[in-house]
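Letters A, B, C and D name the chains as they come in the text, with residue numbers starting at 1 for each one.
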Amino acid sequence: MSEHLHDCRVLRRCWPEYADAHSTHVVNVNGVDIGGPLPVVIAGPCAVESMEQTLRIAIACKDAGAQLLRGGAFKPRTHPASFQGLGLEGLKILAEARARTGMGVVTEVMDPRLVEQVSEYADMLQIGSRSMQNFPLLKEVGRSGRPVLLKRGWSATLDEWVYAAEYIAQEGNLDIVLCERGIRTGVNESYARNVLDLNVIEPLRSVCPLPVIVDPSHATGTSSRVATMSNAALACGAHGLLIEVVDSEETRATLRCDGEQGVTPDQLARIVAPLGGVA
Amino acid sequence: MSEHLHDCRVLRRCWPEYADAHSTHVVNVNGVDIGGPLPVVIAGPCAVESMEQTLRIAIACKDAGAQLLRGGAFKPRTHPASFQGLGLEGLKILAEARARTGMGVVTEVMDPRLVEQVSEYADMLQIGSRSMQNFPLLKEVGRSGRPVLLKRGWSATLDEWVYAAEYIAQEGNLDIVLCERGIRTGVNESYARNVLDLNVIEPLRSVCPLPVIVDPSHATGTSSRVATMSNAALACGAHGLLIEVVDSEETRATLRCDGEQGVTPDQLARIVAPLGGVA
Amino acid sequence: MSEHLHDCRVLRRCWPEYADAHSTHVVNVNGVDIGGPLPVVIAGPCAVESMEQTLRIAIACKDAGAQLLRGGAFKPRTHPASFQGLGLEGLKILAEARARTGMGVVTEVMDPRLVEQVSEYADMLQIGSRSMQNFPLLKEVGRSGRPVLLKRGWSATLDEWVYAAEYIAQEGNLDIVLCERGIRTGVNESYARNVLDLNVIEPLRSVCPLPVIVDPSHATGTSSRVATMSNAALACGAHGLLIEVVDSEETRATLRCDGEQGVTPDQLARIVAPLGGVA
Amino acid sequence: MSEHLHDCRVLRRCWPEYADAHSTHVVNVNGVDIGGPLPVVIAGPCAVESMEQTLRIAIACKDAGAQLLRGGAFKPRTHPASFQGLGLEGLKILAEARARTGMGVVTEVMDPRLVEQVSEYADMLQIGSRSMQNFPLLKEVGRSGRPVLLKRGWSATLDEWVYAAEYIAQEGNLDIVLCERGIRTGVNESYARNVLDLNVIEPLRSVCPLPVIVDPSHATGTSSRVATMSNAALACGAHGLLIEVVDSEETRATLRCDGEQGVTPDQLARIVAPLGGVA
């Protein structure tokens, strides 16, 4: 299986030491090791909607034990009338949250023309599912000098995903973390937005030296399912979690993006508590 | 979601106590409770191939801590030239293994005309994935008086699966255990036979009072992946596991059915050990 | 591709003449040739609901140019509370429609115990999608002496489908017609019940000598789409069509099964008219 | 179904005349009407590999009756080691082919930074499947003043596809042609690269006033299947075809991109001949 992965000259050829040792290339983001012995939790709002909301949630995430802050300033939205994010203003809010909490910031970039700008504010650049095969963007983040979080497309094979990482690696950037976020199937419509493919983690780790984390928020689409799928992801060998957080049950309905899937800080704390300390 | 499940008059209407209590209908198979506080492990060969092979594996499964014995006497095979099982002779071998080990026997029935015969030898009747919507068969096992293990079809929705259980329940047989065994998708071809859908367990438990177990052997198709997916299944709230076992690495290639996915008794013991004792 | 089909000893090995000649094994049903130069239309109600309804529709189908009558006496229904068909009474109604119109009758059988009874009334036995891998049933219809209409399962590969036909053929019955009826995907939910897989017809015909027809009614789930997909099916080389018919737009809502997808006799006539006369 | 499409304020709200008249917004590309009474054929090499190859094929396509020339200068390739296209040199070759044959040129753009440059050479900008939800790119081509060919993502729903068109339309560019090119499923692996979803054409046309064409080359992945699926596409109401062409059977294996799916000029001529003249 995956015999063509021998073509990944950077990921496979240059790193025989990882394959031999079954070890992982540790990616350091603002002092936090992803791929090391302890799982890492990246948490925060789906979208940066205001300074107040972002700071409140960032502090709550830190208190709950999360190590890195996620939050979208540029939001890829299926429908053009949906909230598209605050853009540069959102980046500045994230920078303020970073200054207040000390947490490194992970945020999405969709446009190769904005990689440089986003890199000024972010500690890690997220490539979203829809962009997994946006090759000009992959090359640009490969040249950015920033660690990259590469989400799997919702219908991508393992090979396509690793090849996307190879595009980044060939630009000289090996600091890539892969993120499983659920696949589209014909059977899950009544119970989950997507099917979180936990089956892929172990095979992926066996062919690729990069860390793998899991986003249980988008796959389930339901906050009450996040804790369970987080535990399952870690049982499968995930190196960390990417979790969306809301202020409280009350504010859920007021959000402009995906409010129903964010966990509360209390729920986040219960997910993080058993993970063995700050990475 | 799943709003039509209110039509399941037996599973939903007659059992408000389960829904209210978020509890599970415990199914007792030869003294072993499925759906109780401890997870149950059902283990054994894919197919009954001989008396010696079956007894050896049955004893090894019992020693490893499994509580029930699985083994196919009637095998549904995609290709007609593949080994179809030993039939009645296989049932007699299973009965002998039961006598020697005391383990209750779980075996598949595909033909409504054979339900009575298989029920004489089996403690639990398995309905395979291909038979999930074989309605005459479902009705017949519903009238058999035997507990039923109902595997999900590899492209079945949650609703279709629960409706299949309702077919059995309407014949007066409420002793049904549901078994997730992997779904067919367009992305898993290079790394797994099917994608084990662990996302379905929690939603399924929220609409249906029946126990849910997971078969990691068929989904992964690879023995080395079974332990990890077993742990993940239990993290998702599965009430048990259905695991295929081979004698040893050496005998794997000699088997007439699915040798590559069976774990060895040692591997089985390592899966069972942390589960907290015999159910 | 499909290299394992060499294992189909009856379908591949015994019929080199078909493979060499790229010709098709013609299946004669009550004097109508399926697989010959002219496409065949099998039409009728989804379910036999009464004598009057069935006779009216049968006569209308004949007048519209259909050559064979379809109608379900035993209906496989996802939900046990749905109408399951009239059973034996339905078979007798179909026999009466046959006597009145001279049209051969195609009807589904789901239970191997009923193959003999259904064969007394039907000119062709239909195996439904859910039964495509019901191997005891396939063997029984293989021994029935009746031509068989084998629908593809909604998630079946080409190989699985041909192997299912091989199960029938190995019992000595080569009079098998394959029927494509749509596959389940993750993308069609808003516009079609299933995606009619017209891509499979030509590859299927290149590896298997059996005729292939298409059921546009179940795939589209919408009567207004049936004519278009019928034309497309014939453009792809289908040997015929299986079409559901309702009395009129007015009676659609009163039906107990799938009323929204049946075409009216007028619509049927417009589909049949260009096909070049009675086969 | 698709009730949210009422949110497409440009495509739905501003164009009630199309919805009322069940008519199509005709898109003119270099004098060729797409969406008018006659189907349009866009043909050419997968990739522009050299001046000689491109001119030879362009002339052969024109002689065969194709109205527009396709050819890739920037190729999105799953693997970074695959041939990525000749870039600007490829654009210049296409311009030369345009000058020699008079055919308008359709070519893909992947990078928003290159839209202006590609627009200087191309008569129509192609958005590939992987870019269907590349929103910065969609906005950029929406501002380019060039007609756009928007391919469906291989796992995109109808709604997602129309929303992607709406992104372009909201920038003031209504000259958009939609292109179905096959979906990824779990069943087609042995007989087709993807399943051409002809079922979507009629529903799509019922909710959206834009022309729809079909690419049978990528879906089938096999040149011998292209003619059949072309006919089927037109039977379903497609306004045109996008077809890959090779010089000859002999040169197929020498190509750097997708040689096995290109039809020869003779095969192309046989597809085009029955279509009723130049659009």
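Simple rule for what comes next: contacts are C-beta pairs under 8 Å (C-beta built on N, C-alpha and C of every residue); 3 or more make two chains touch, one makes a residue touch a chain.
No experiment lies behind these values; they were computed from the predicted model shown.
> Please work out which of A-C and C-D is bridged by more C-beta pairs in contact, and write that pair.
Answer by contact count: C-D.
> Which chain's mean C-alpha position is the greatest distance from subunit D's?
Most remote chain from subunit D, centroid-wise, comes out as B.
> Quick check: superposing subunit B onto subunit C on C-alpha atoms, how many degrees is the rotation, to the nearest 5?
180
> Quick one: report the Å distance separating subunit B from subunit C, using the average Cα coordinate of each chain.
Taking the mean C-alpha position of each chain, the two centres sit 33 Å apart.
> Report the inter-chain centroid distance for subunit A and subunit C in whole angstrom, where each centroid is the mean of the CA atoms.
Subunit A and subunit C have C-alpha centres separated by 48 Å.
> Report the inter-centroid distance (CA atoms only) between subunit C and subunit D in whole Å.
Averaging C-alpha atoms per chain gives centres 35 Å apart.
> Would you mind listing the residues of subunit C that make contact with two or more other chains?
Touching at least two other chains: 155, 159, 184-187, 189.
> Can you list the residues on subunit D that touch subunit C in the complex?
For this pair, the touching residues of subunit D are 1-2, 155-159, 182-183, 185-192, 195-204, 219-220, 225, 228-229, 231-237.
> Considering the complex alone, what residue numbers of subunit B touch subunit D?
Residue list for subunit B touching subunit D: 155, 184-187, 189.
> Within the complex, which stretch of subunit A touches subunit D?
The contact residues of subunit A facing subunit D are 4, 7, 9, 76-81, 110-113, 130-131, 133-136, 154-155, 159-160, 163, 166-167, 170, 184.
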